[in-house]
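Two complexes, one shared chain (subunit A), two partners (subunit B, subunit C).
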Partner chain A sequence: MTDITANGEKPSSINLVKVLGPTHVWALGVGIVLVGEFMGWNYSVEKGGALGSIIACWIIGLLYTCVAMIDSEVTSTVAAAGGQYTQAKHTTGPLMAFNVGLYLVLAYTMLEAADIFVFGDLIRIASESLGAEAGMVDARPFVLLAVSALAFLNYRGVFMALSVNFLITAVAFFSIIVLVVAYQFGIFTAEPLQHEGLGMGSLPYGWMGVLASFQFGIWYYLGIEGTCQAAEEVRSCGRSLPLGTMTGMITLLIAAALTWYVCAGSLPWEYLGTALAPLYDSARVSGSTVLIVLLWVGTVFSALASANGCINDAARAWFSMGRDRYLPQFFAAVHPKYRTPYRAIIFLIPIAASFGFLQLLAPTITFSILSGLLGYTFMPINMFRFRGKWPLNTIKRGYIHPFHPIPSLVLLALCAATYIAVFLGFGTQLLAMMVFYIVASVWFVLFRYKYVQRGDQFTMAWPRPKGY
Partner chain B sequence: MFDFLQFRGPWDLIQAGAWLVSIALLLWMVWDAIRVSQQYSEDILTSSQEGVDELAMQQDGHKRG
Partner chain C sequence: MAKYQPRKQSGVGQAFDAIFLLVLVFLALLVPLEMELAGAAKGDWLPGEMKVETATDGTIVVSNDKGLIKRTAPDGTISFENLTWEALEQTPVMQAQWGKLDMDLETAAAAITLRYDYSFSWGGLIATLAAIAGYFAFLVWQSDREYRQVIAEKFGNGS
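What follows is the complex of A and B.
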């Protein structure tokens, strides 16, 4: 790519460039999520036991399958950066769009902060394993290194950023497969998987425990909806985006089930429910140096892939809001050479880095999950309005999800159940976050809405919506 | 006062390297962003439009040409 046109003149307009394919979409979606398999999901075991955790894994898997189906249909027609934000401005209205945009930016930026913190901590843990004195190695330089190197990669172009994501995500996924195969067939380890003996087969806290485990079941899949942010940079959006998203979802369902299977069979459920990195711990129990190193690498790569995808997605959402003047138009700049939203990328670095430095993993990730959950609650509403305003056959869809309205109704019901679960564990944070979004909405209506040019926002070449 | 300058082992070097590389990358991005802003007008930099497919337009142009 160059910053000049073919005849040597400066371009009259600069757009994001379509260079991505379905593998990049897969890498973006799975890359953001896969870190949740390496850590986080296991707190669902503490709430509901091993059996409760796998029930949560499947039910929340159903929630995310509905999310992926709905997203695939709407995004296959809305080929623009911003994902659900852009969908909201087309189907619902500016205030909803502003809120959805904010959910996206905060969900991804907070997840990025958690990822880089985990990366720094993994380096610190490795240094102590290699002989450094406890407390001598500071995680912060590695936190900053992760965010600056990944931001640099994103700054220089989306193709390279997501190609790298594909590679490191594939290695992380491969490490899970190797661990499962090693335990199952006794390669590298003689330790057997013993689900019954380690507490599988009962619900220690009953069905209320299963409900409570939903909030952590989200970790298995949180972020797959991020594939939508690539819509403006994907070739053949109508084909590539649903393909990448649905194959990503299938990959995650497999990875989640395998992760639970190997961890629940190798670690006692009482320990598993509180472990920091359960897959790594499972490798340590095997006693094999090969597996320990491989799973450490897998954990590090999954954290980096997630942070990389989050930088990509948060910047696109911020950029799109700037382009529509929901935020200062300054953020809508595209780099003339690299064709990336470079100002949005730079602006979000200090926010992620500062939360990464604070080393508050639980509040940061809770903020991310709750923002994501608010976004998922919008999706059924979005789907009903989309199908209502533009019924089938009125506009060309790259993908039509089956059984409408059942996925939307299921998603709505599962979101309601997950709110109850979140309230049980993080009631104060949930209420505090609701207050934050209400205050932000008031700010938008009073001080920002006057800059929004409503007519310019409807960019899709669609017919007039039904009823208008 | 200058305890942090004492060399305690290879991890001190690795940490210092991580700080330096991070700061260098961040400074390069800021420098490049300022340079681009000076070379191009704000109207051009913020001229992107949703859903515009430059590759498709180029291919159409080649076919017509």
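What follows is the complex of A and C.
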């Protein structure tokens, strides 16, 4: 495979470089998502109470397990950058691929904006804790510095970027474990967890609240499917991707359950539901300086790891779309020395930063969740078409997920329920955001598809699809 | 099948397309805010039997059967009468945790006495779900037409 540069030629064979292993895949997936345990998931408590939130956590966990199963099978077979976008090209067609590419870019860019917004707030919280006057610290220079450093890391090479992600994600995960162990065994703090005393067994809004909390239940896991973006850069795709994705999913299920357990046992639900950084607050009420500092570091690292992973994934999706001319070819260039999609990386950074700086946090999160959900809705379509066009044993699959079609049907049903939850939360705002994707689709069909080389969209060495 | 030769796009055209998409994204973020489209909103809530009245000066007065009263003035100022932790149904454990979060009774009460109202329009829900279903149906239909062109060019006509 060769890369297409801005002038439309194929002058060289500079490709993305295959240097990643399963730990990097884990670091990419968990790194993007773990911030969801440090902030965001708790809005599901506001929607349905603490008990409603843990029910949503389990049900949405099932949704993501289906996503991971389907993704692992298709990605272990379609080893190319772009993840689900490249899958869509091979199973469904160009327009669907264009939309899936946009879901990926927007879900990750918006999530990155939310990450850097939270990072700025954590800087402010820390400076005020150290004695600065409230409201006097401008966190924006720190945010800009952090984003620039992450962009540079991604520009210089994927191996170092994801190795750093592995380290800081591991520290963040470790901080959750330490907090739970400290509360459970009375280390650093004499405070017990008090689920019963905090009334965690009730559903303040009944089952309607449980349904509504699905909206932010997604935040526990949003982005794990991003592991597929590394497909073109892992050494052994068939082994590393399913291994990294499934261990990542297991890590997140554990982290989500522990996070809920410790926060629900230490914070009143009305507070927990609106907190900016609930794990940090849980450490705060423990009264232990060690835990407070550790959880502040964990929260900062999780935000940086997520932003780092989002830069990586959004750029790969944007790059892939440029390479296929779904977007301007200018973005399809690979750095001759560092072998990274550097133009896509540099282009998307100021966009994410501007979303963060414009204080558009609520619509940004809405857009990120909606884009993720649309992408999950595509996956059952993807799976049915993949198995229909190339039944088992017609092509070599790195991994075959069990129980087909049950995971696809369960995923479709859970996506429908989550759309209702998002409607309950965002109302007709959801419809307004759908207009974006509809207008973009019409634009692609009328003005963009003419630049696309038809036969080049199918790059896998597979036989002709059944029925075509 | 003759191989389709796509047009080459000029640099200006590429810049225009990138900017067009960016503008579209910003519009999608800002228009819902400008149009004040919203979903479930929080409203006043008190434990027990609740009564809501509007005073002549526009103040919203919410009271319950235990004598707790919440007043929200037109300028948004909130005040309470007969406010106690017990009236808010907060257990001693909850009270202690609010204290550790540096939140006094009044501040905590402002958070506790707001709850979501999940009533919704069936018409809006059906329209939204129909739009999503229609959007995916169009995507699959149009993509399939394009996919046949891709396969024909890649593998030649005929199966």
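In this text, the second predicted complex is superposed on the first by the 456 of 468 C-alpha atoms of A that agree within 3 Å, B and C clash if a C-alpha of one lies under 4 Å from a C-alpha of the other, contacts with A are read in each partner's own complex, and residues count from 1 in each chain.
Operating definition for what follows: a contact is a pair of C-beta atoms (placed from the backbone, for glycine too) under 8 Å apart; a residue touches a chain by one contact, two chains touch by 3 or more.
Owing to the predicted nature of the structure, the values given are computational and were not obtained by experimental measurement.
Look at subunit A after the overlay: subunit B and subunit C fit there side by side. Legend: residue contacts after superposition of the two complexes on their common chain; A:I349 is shown touching subunit B, with no touch to subunit C. When both complexes are overlaid on chain A, the residue A:Q329 reaches subunit B and subunit C alike. Seen from the C-alpha centre of subunit A, the directions to the centres of subunit B and subunit C diverge by 120°, a value given as a multiple of 10 for the model superposed on chain A. When both complexes are overlaid on chain A, the residue A:P391 reaches neither subunit B nor subunit C.
In the superposition on chain A, contact of A:L145 is made with subunit B only, not with subunit C.
Touching more residues of subunit A than its counterpart among subunit B and subunit C is C. Legend: residue contacts after superposition of the two complexes on their common chain; A:R235 is shown touching subunit B, with no touch to subunit C. Looking at the shared chain after the overlay, A:L198 reaches subunit C, while subunit B stays out of its contact range. By the document's definition of touching, of the two partners only subunit C reaches A:L431; subunit B does not.
Annotation: superposed on chain A, subunit B and subunit C show a minimal Cα-Cα gap of 12 Å. Once the two complexes are overlaid on chain A, the subunit A residues touched by subunit B in the first and by subunit C in the second are 329-330.
The residues of subunit B lying in touch with subunit A in their complex are 8-9, 11, 15-16, 18-19, 21-23, 25-26, 28-30, 32-33, 36-37, 39-40, 42, 44-56. Residues 3-4, 6-9, 11, 13-15, 17-18, 20-22, 24-25, 27-33, 35, 37-40, 90-94, 97-98, 100-101, 103, 108, 111-112, 115-116, 118, 120, 124-125, 127-129, 131-132, 135-136, 138-140, 142-155, 159 of subunit C are the ones that touch subunit A when the two sit in their complex.
Interface of subunit A with subunit B (complex): residues 10-18, 79-81, 86, 127, 132, 136-138, 141-142, 144-145, 147-149, 151-152, 155, 232, 235, 320, 322-323, 329-330, 332-337, 342-343, 345-346, 349, 459-460. Residues 6, 8, 46-47, 88, 92-97, 99, 106, 194, 197-199, 204-205, 208-209, 212, 266-268, 270-271, 274, 281, 284-285, 287, 325, 327-331, 347, 351, 355, 360, 363-364, 366-367, 374, 377-378, 381, 416, 419-420, 423-441, 443, 445, 447-455, 457-458, 464-465, 467-468 of subunit A are the ones that touch subunit C when the two sit in their complex.
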